[in-house]
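Each of the next two complexes has subunit A plus one more chain, namely subunit B in the first and subunit C in the second.
On to the complex of A and B.
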């Protein structure tokens, strides 16, 4: 029987969401439509309409291409074919029931996309990829259910804030105030790009979700939401990994029935 | 049953005006860096320096706007001292520097071997009287006094008042006959049961605790400490026993002082390029022995572990990893989480209560019972992580995931160590905490955590070289710990916790334990957070200053 990917254990809401976000067969819900030009503006790597900068010639113009056995095995992504720079988008996810958190981002990206490089920290998650592919990915990630305007931040530098309390409008703290609350529209608008350079115009990313909605979408176990210990399978899985690693490094002969 | 007041409440209430359980606050309205006294002082000072030197210096208006949040003070744990984070930076805090200076400038040199040389090779008598005479002479030479040549330049005593040599022994009869001014008296300094253990371990050895001047350690390095000691000890022997300065036997004194001595830190590999007595070479068990809380507060094992954590944070995380290895502005904010605001305190005392409730006391959990060890770890770790979730004020206080990961894992590790009395069970519990933390929250610390904390379970009990070591003998130089910023504090607390729980008088080395009980040290190793606090309040007077030779 062919192995069927299970993605993640558990039956609770965060566990189910982890599985959904990781499974590439699941189409993530699109909650907003930020235009591609605005996504490009927020990322700040190039101006909308500007050519992509390249770091090497297109692969089909490379005379040595046919000599490379790896090239024969791996189909290049579009940006690699064209010689694009590798650029990034970095999301900061609040601890207060943000839809997704850094490790799940890494697992989701690696499960859904090719040609990417991720880096995971406590508050933020960077994903680096060829520029034209990045833009497609970034738009999906800003538009879909893993993004919340109040609790997800798009931040290149000065990223902390994920563990700070929320402001009076429910927004995650940002030392650069790249986004602000538009009280007239009850929406979050970006006024600065990823590295805090002012934008020419405000870009709306929409209305924040309600806390009850976020609790249904989140991947985070919390004492005031779903505690990890309430999910027996997730708890058991963590303990099992620790025990097997411990025994494997110390008394491997005691590992039985794996 | 009424819920106990959380130990971090006082700090939370001082930091934030909102209730510690409130998830909301206001930002961007506090006046930026001007709300911080120290930043205002820094700006004024930098402006004056810029004017004096004719080009710009530090400027608080450069870079990210500081002070967008309410500026938090930090409470030094188990004290009533509150300080600004700037004053806990190791460059700004003379007490932290002196803690490290006092460690670096210490070398322990046995007297048994040179006494045998004097008696057996040279045929001269060694008696308590000759030893006392030697001690008076070596307390002249060690700071930089001359005894052999007639026309020598000497060191100004006002610069090196902190330098001296004292001795200790496990032999009460010998101790009684020595000049008490030069004696580190085990019987007087330690509780009776600890004194008995230490005397048994030290035995009839007569050990010198040599304190090279602080200024020497700063001007040269830790590697010079045993050389300085060896030179001055040899001179003292020549003078005390009327020996010939050129006779071959003198080499034995220098040899024993250099090579039969106990350095505080071991040599490091060439790629890290540090001599002995530099912080990267100090095993966790040695630093735990330097921590003296359980000597002065023997009924509070939690405090002992927490004080070891604090010393580890300053010496390993702030000075070594933040300074020696990284450089730059350093890791103050990261490291202070482990010894401020009584947050780790709250978790550790919770763990102690749980251990007493579940097992009837310390060291009663069978270390072979891994399932039960994991249950305890799960309990303590869940408590720690849930506190962050229930009290947003402490979540914001530890606003970096690396801070929370270290603190939760330290509490869990200390719990495992105290419950079993085995430090390796403690470090195993540390790694359980890390794995569970990542699964629960979907986040942990900085990139580096992906290596050390996710493979650590596998090496926690391994003793094979390059794979593992008993926790007491691991240190920043242990292969997998070279980049474990923030972890070193907790790692130091774990072996300390195991051995205080057992009622041991020392963790790894009884000689080091006794040497740091010495009341003549400048830094008080029994009150570490208090000393750091005094440094932050600018009340601590360090040694090694040069003002005695500067006019004005």
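On to the complex of A and C.
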């Protein structure tokens, strides 16, 4: 019997959203259109229009390519083919019902993309990819429903803020103020790149979603939203892993029928 | 080691303190309004504020040392003096100069009224003692 891939248990909204974000067959909704040049400006790795810097010769110019069995097996991504540098983008997700949280970002990235390296921390998620592939990925992640202008931050360093109270405009705290609230347009605009270098011009990332909308979109279980304990299947799944890991660590003979 | 000494001299008795935790981090402008409102309430001996730190310069990463230029890191005016804000304020600690419960209750009611008028998005207020009120042996210790 062919194995049918499963993603996440549960029937509550956060559980369903986790499944949706992870499933590569689901096309995520596009909510905004930040131009590619602006995405490149916010990341700050190169100037728009500038050539990609390389760290090795293009693969098709490499005489040893055909001798490598791994290269025969794995189809390279575009950036690897051209020898691009590996660059990064890092997102910070607020605990106040951000559309996604760092751990699910890792699940989503690994489930949807090839040729990436991602790292999870409590409030942020870094993703490292060959530069030209990173730009495509970054644009998708800024444009789609996993990004909210107020509660998701693009922060390369000093990411502090994900667990802080929001400010008066409802924006996640950022000590470096990379983005500000434009009161006339009711939009969030980036004024600094992800490592706080001031941008030549402001880049709008659109209007923040309402709290009721975010509660429908989030993957975060919270006592004041959907409590994880209210989802029986999710609780049992967590308990099962906990039990298997604990018993497996010191009394593996007790792992029976778990 | 940073000094943990009390900010003002010991009053002779441990005085009660009011802690106000705001639901949102306040703009400099709102902080000024809250302080002005609190200034009209009597029996407040000292006000300390804290919140999320706003660095003067970029403190890490490739642009370390660059001016941060955070719009909320600025001087506000209080009681005719300029106060340099270094935080996005989210908490106020008010030491009350009261000696009986009736004065305490009246002062707390006045503080609540001032906060209701000036703090948007609500706050949490508690009466207790949250900071050190006299120097201790620890403050005489070397680094």
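Heads up, the rule we're going with is that the second predicted complex is superposed on the first by the 257 of 258 C-alpha atoms of A that agree within 3 Å, B and C clash if a C-alpha of one lies under 4 Å from a C-alpha of the other, contacts with A are read in each partner's own complex, and residues count from 1 in each chain.
Keep in mind that, in the parts below, a residue touches a chain if its C-beta (ideal position, glycine included) is under 8 Å from a C-beta of that chain, and two chains touch if they have at least 3 such contacts.
Values in this document were obtained by computation on a predicted structure and should not be read as measured data.
Undergrad: Subunit A superposed: clash or fit between subunit B and subunit C?
TA: Subunit B/subunit C on subunit A - steric clash.
Undergrad: Please work out whether A:164 is in contact with subunit B alone, subunit C alone, both, or neither, and reply first, second, both or neither.
TA: both
Undergrad: Which of the two partners, first being subunit B and second being subunit C, lies in contact with A:173: first, second, both, or neither?
TA: The answer is both, since A:173 touches subunit B and subunit C.
Undergrad: Check whether A:238 is in contact with subunit B, with subunit C, with both or with neither, and answer first, second, both or neither.
TA: It touches subunit B, and subunit C stays clear.
Undergrad: Check the residue A:26 against both partner chains and state whether it touches subunit B (first), subunit C (second), both, or neither.
TA: neither
Undergrad: Comparing subunit C with subunit B, which touches more residues belonging to subunit A?
TA: B
Undergrad: Taking the superposition on A as described, I'd like to know which of subunit B and subunit C A:68 touches: first, second, both or neither.
TA: Touch partners of A:68: none, neither subunit B nor subunit C.
Undergrad: Look at A:248 in the shared chain and tell me whether it touches subunit B only, subunit C only, both, or neither; answer first, second, both or neither.
TA: Only subunit B; A:248 stays clear of subunit C.
Undergrad: I'd like to know which partner A:123 touches here: subunit B for first, subunit C for second, both or neither.
TA: Only subunit B is touched by A:123; subunit C is not.
Undergrad: After superposition on the shared chain, which partner residues are touched by A:55: those of subunit B (first), subunit C (second), both, or neither?
TA: So A:55 meets neither subunit B nor subunit C here.
Undergrad: Across the two complexes, find the residues of subunit A that touch subunit B and also touch subunit C.
TA: Common to the two interfaces on subunit A: residues 158, 160-161, 164-168, 170, 173, 175-177.
Undergrad: Considering the complex alone, what residue numbers of subunit A touch subunit C?
TA: 156-158, 160-161, 164-168, 170, 173, 175-177, 180, 195-198
Undergrad: Subunit B touches which residues of subunit A in the complex?
TA: That would be residues 93, 95-96, 100-104, 119-123, 158, 160-168, 170, 173, 175-177, 219-224, 227-229, 234-235, 237-239, 241-243, 245-246, 248-251 of subunit A.
Undergrad: Using the touch rule from the top, collect the residues of subunit B that touch subunit A in their complex.
TA: 18, 22-28, 64-65, 68-69, 370-371, 374, 378, 382, 385-386, 388-390, 392-393, 395-396, 398-402, 404-405, 428, 431-432, 435-436, 438-447, 450, 455, 457-462, 467-468
Undergrad: Which residues of subunit C touch subunit A in their complex?
TA: Those residues of subunit C that touch subunit A are 22-27, 30, 52-55, 58-63, 66, 68-72, 88, 90, 120-121.
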